[in-house]
Amino acid sequence: MPVDSRRLQGPESAFSYTLLEKKDANAEESILSADLQKMLIDSNHVRKDKRKPTDARPLFLRTGIISQAKGSAYIEQGNTKLVCGVYGPREVQKKSDFRLNGQLFCEFKFAPFSCQKRRSHQQDNEELVLSGLLREALEAAVCLHHFPKAQVEVNIMVIENDGSPLAAALTCASLALASASIPMYDLVIGAAVRQLPKLLLLDPTKDEEWQPKLNHDENNSNLTVGFMPSMQQICAYVHEGVSNPEELEQMLKIVTEYCLKVQPVVQLCLKETVEKMLASEGENNDAE
Amino acid sequence: MSIAPQLLRGPSLMAEILLSEAEKAFIHHGDDLRCDGRTRLDYRPIILETGLVSNASGSSRLRLANSDVLVGVKVELASPLSEKPLEGRLEFFVDCSANATPEFEGRGGEDLANEICRFLQMSYMSGDTINLSELSVLAGQQCWVLYVDILILECGGNLYDTVSLAVKSALYTTQIPSIKVATMDGDQPELELSEDPYDTKRLNTQNVPCLVTLMKIGNHYLVDPTPEEECCSSSGVVVAVSGSKKITAVRKIGSGSLHPESLVSMLKTASEVGAVVNKILMKKLLEEETAGKTQKVGFMR
Amino acid sequence: MSGTELLSDQGLRIDGRKPNELRRIRCSLGIFAQADGSAYLEQGNTKVLAAVYGPHEIRGSKSKALHDKAFVNCQYSTATFSMGERKRRPRGDRKSTEMSTHLEETFAAAIRTELYPRSQIDIFVEVLQADGGNYTTCVNAAMMALVDAGVPLKDTVVSCTASLVKDTPLVDVNHVEQSGGSPELVVSILPHSGEIVYMSLTQRFHIDHLSKVLDTAIKGCKDIGVILKEIMKGHLTKLDTSLQAS
């Protein structure tokens, strides 16, 4: 039966004031790819936030920020901030879903205030798809046969979205899974790259991300990859926009190189987590 | 007998496919020859017919071996999105009919439907594929919305490709009525629909993408997988290839992983295959159109 | 639309049929490879696909199982593009749910369910194009799919509609006649025993007319039954010859 899913049952006549900002709509629509490049990068190849094209944003990682969860992690990639909580393994709730291997359940959610436009508290289509992508990526990394008939839940909450949320979510989720002592083949590192006709921008911000627009018939796209560095395997690959296979190869190379750089950082964070855990266990033992 | 790992397409769908060890070994390690006599880069035979649904502005039915899809496009007037006042839009809706498998009953097929729907949306989004400004009627006030409704009647593997070919054919035949802004009555413009039902325009679908699924099995990859092959494979890619041989969207499917090198080679093959598929489809659609009105066969075989 | 237009002075209906004339029926069986039985049925411009799965083990919760007979499960859904106006959801609305229940009741009466205790038979119908008499076409299509699946039946089920315009009963009404405000009587019968398994009436007419309209509908059912039986025979002979050839 149809149920009104809105919490606020008012007319939906409100719209963002940003649409009223003075701008020449025609001009914006007819921006060619070349001009777009000029908007995103200055003549010295420096981006708006003072990065070089192949520079990523500063990364901040921390584990154990949700005390009730089995494992959790927080990631800040520039202004993109998200939290991941991992629960389980526990018994599968629905008996009909019985499977010999363990199962992963992923929920990807943007906080209502995380994007420029307000998000609904319910998962929308985009969030459902991101959840699916996250699950498919993590399933390749987690040793599912180690916990038969059980399920592990991975919850992602995006607090602030400033571009490349899926990439950040992949790194964050694999860190959270590891801190929850879920057996994995390898860590998953996420990374994104934006393609402009003659330039690649690593780790794009919201403004730099590819948007579906008219007249962008030239090579112009966005790629998000989940990479397992030690195994040399790609477990997530999402590309939107127009490209040639040769350019995709180039993009993939840049992204995997970046992932290899990030891997030791994530490992270090994990090492600290384990050390802290051991230290606190030692204290507990002493107290007894 | 062992039950094949449940991997891709709706897990429960796969549970019904039983494969012996010998069959699995053949699929995994066989030479460039598949169970049905194809090589790795061959498609199965395709049956295509357009204009079957009279209540739709454009329609097509495509059957690729046992995969059966019916697509109806309905054209409606609506107000454009506030972010994009100068464009019309395409709305995809996928319905997995319970006719395909009892698992799809009720809301059972929704996950699969959403997945396909979202990927179609993704691959149609870039400006290279369809010119959405053609669908604008009155800037900021009225535009055409094309509701592309996809009904999956049977699943015999390779759904993404089947759906995309059917959608492209349906859009190719879609007739959009001519409409004129007649008078401005104060602020309210009056729209005047052409009285001649044949006074219509069509979309340029030359660059509309076709999806190509490549599944990785053993050390190789293949196009147009059968359900048996799908359940022997743990990963693959779906690639949207536009008429101009450009890639407009890619995503990895399945719960496995891929080596960067094999991924790159898969993307290259996909763009080649996609270009050929696109060309053949356009040729066939043109042939059907110029052949004129013949008796529709539809489901009466 | 007024009644005079539905029936011309010459006694012809809006689509040129005589009052007691059925629409063209076309049917093909076994169109899907994966279903146990399937059928495609056209009655005029109403086009329906039906698929039958089973009898098989009860799916989902075992509490649905009946200890002495098979459980008949039906789903009625309508393609979003099947009507003049686009439908937002193919199923799950109140009307579709009601139709599903009616189908379940009808076929529970016709199938020899006692042969398959603790099992389930699924019947799925999909309206591809709607032009009046959707429910009756679905019943007829589902019956053909059951025959194709080889499910034992007590009797075939056939269904037909009838209406009343200017005191003249019309058989097998189409969409224009149905939405024109005239009453619609839907009847499903078991033609051998002559039993009525489902009957419903929209709008109203004087009770004196009931027997006349009902007779028309039953006559329509029987005529459809004859046509469908011929199609069934044709299909089975074809199967037989292809079996012998191989």
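Brief remarks follow.
Chains here go by letter, A, B and C, matching the order in which they are written, and residues are numbered from 1 within each.
As a working rule, a residue touches a chain if its C-beta (ideal position, glycine included) is under 8 Å from a C-beta of that chain, and two chains touch if they have at least 3 such contacts.
As the structure is a prediction and not an experimental result, all values here were calculated from the model.
Chain centroids computed from C-alpha atoms place B closest to the centre of all protein C-alpha atoms shown. Of all chains, the one whose mean C-alpha position sits at the greatest distance from that of chain C is A.
With centres defined as mean CA coordinates, chain B is found 27 Å away from chain A. Note: centroid distance chain A to chain C, computed from Cα atoms, is 51 Å.
For this pair, chain B with chain C, the centres built from the Cα atoms lie 31 Å apart. Shown for chain B are the residues that touch two or more other chains, of which there are none. Shared contact sites, meaning residues of chain A that touch two or more other chains, are absent.
Residue positions of chain C touching 2 or more other chains: there are none.
Contact residues of chain B toward chain A in the complex are 6, 11, 82-83, 85-87, 111, 114-115, 117-118, 122, 125-128, 131-133, 234-235, 237, 242, 246-260, 263-264, 267-268, 270-271. The touching residues of chain B, counted against chain C in their complex, run 53-56, 59, 66, 68, 70, 72-74, 76, 93, 95, 97-102, 105-107, 147, 149, 151, 153-156, 298-301.
Against chain B, the residues of chain C that register as touching in their complex are 26, 28, 31-35, 38, 40, 42, 45, 47, 49-51, 53, 59, 73, 75, 77, 79-84, 86, 90-92, 122, 124, 126, 128-130. Of all the residues in chain A, the ones that touch chain B in their complex are 15, 19, 25-26, 29, 99, 125-126, 128-129, 132-133, 135-137, 139-141, 212-217, 219-221, 228, 231-245, 248-249, 252-253, 256.
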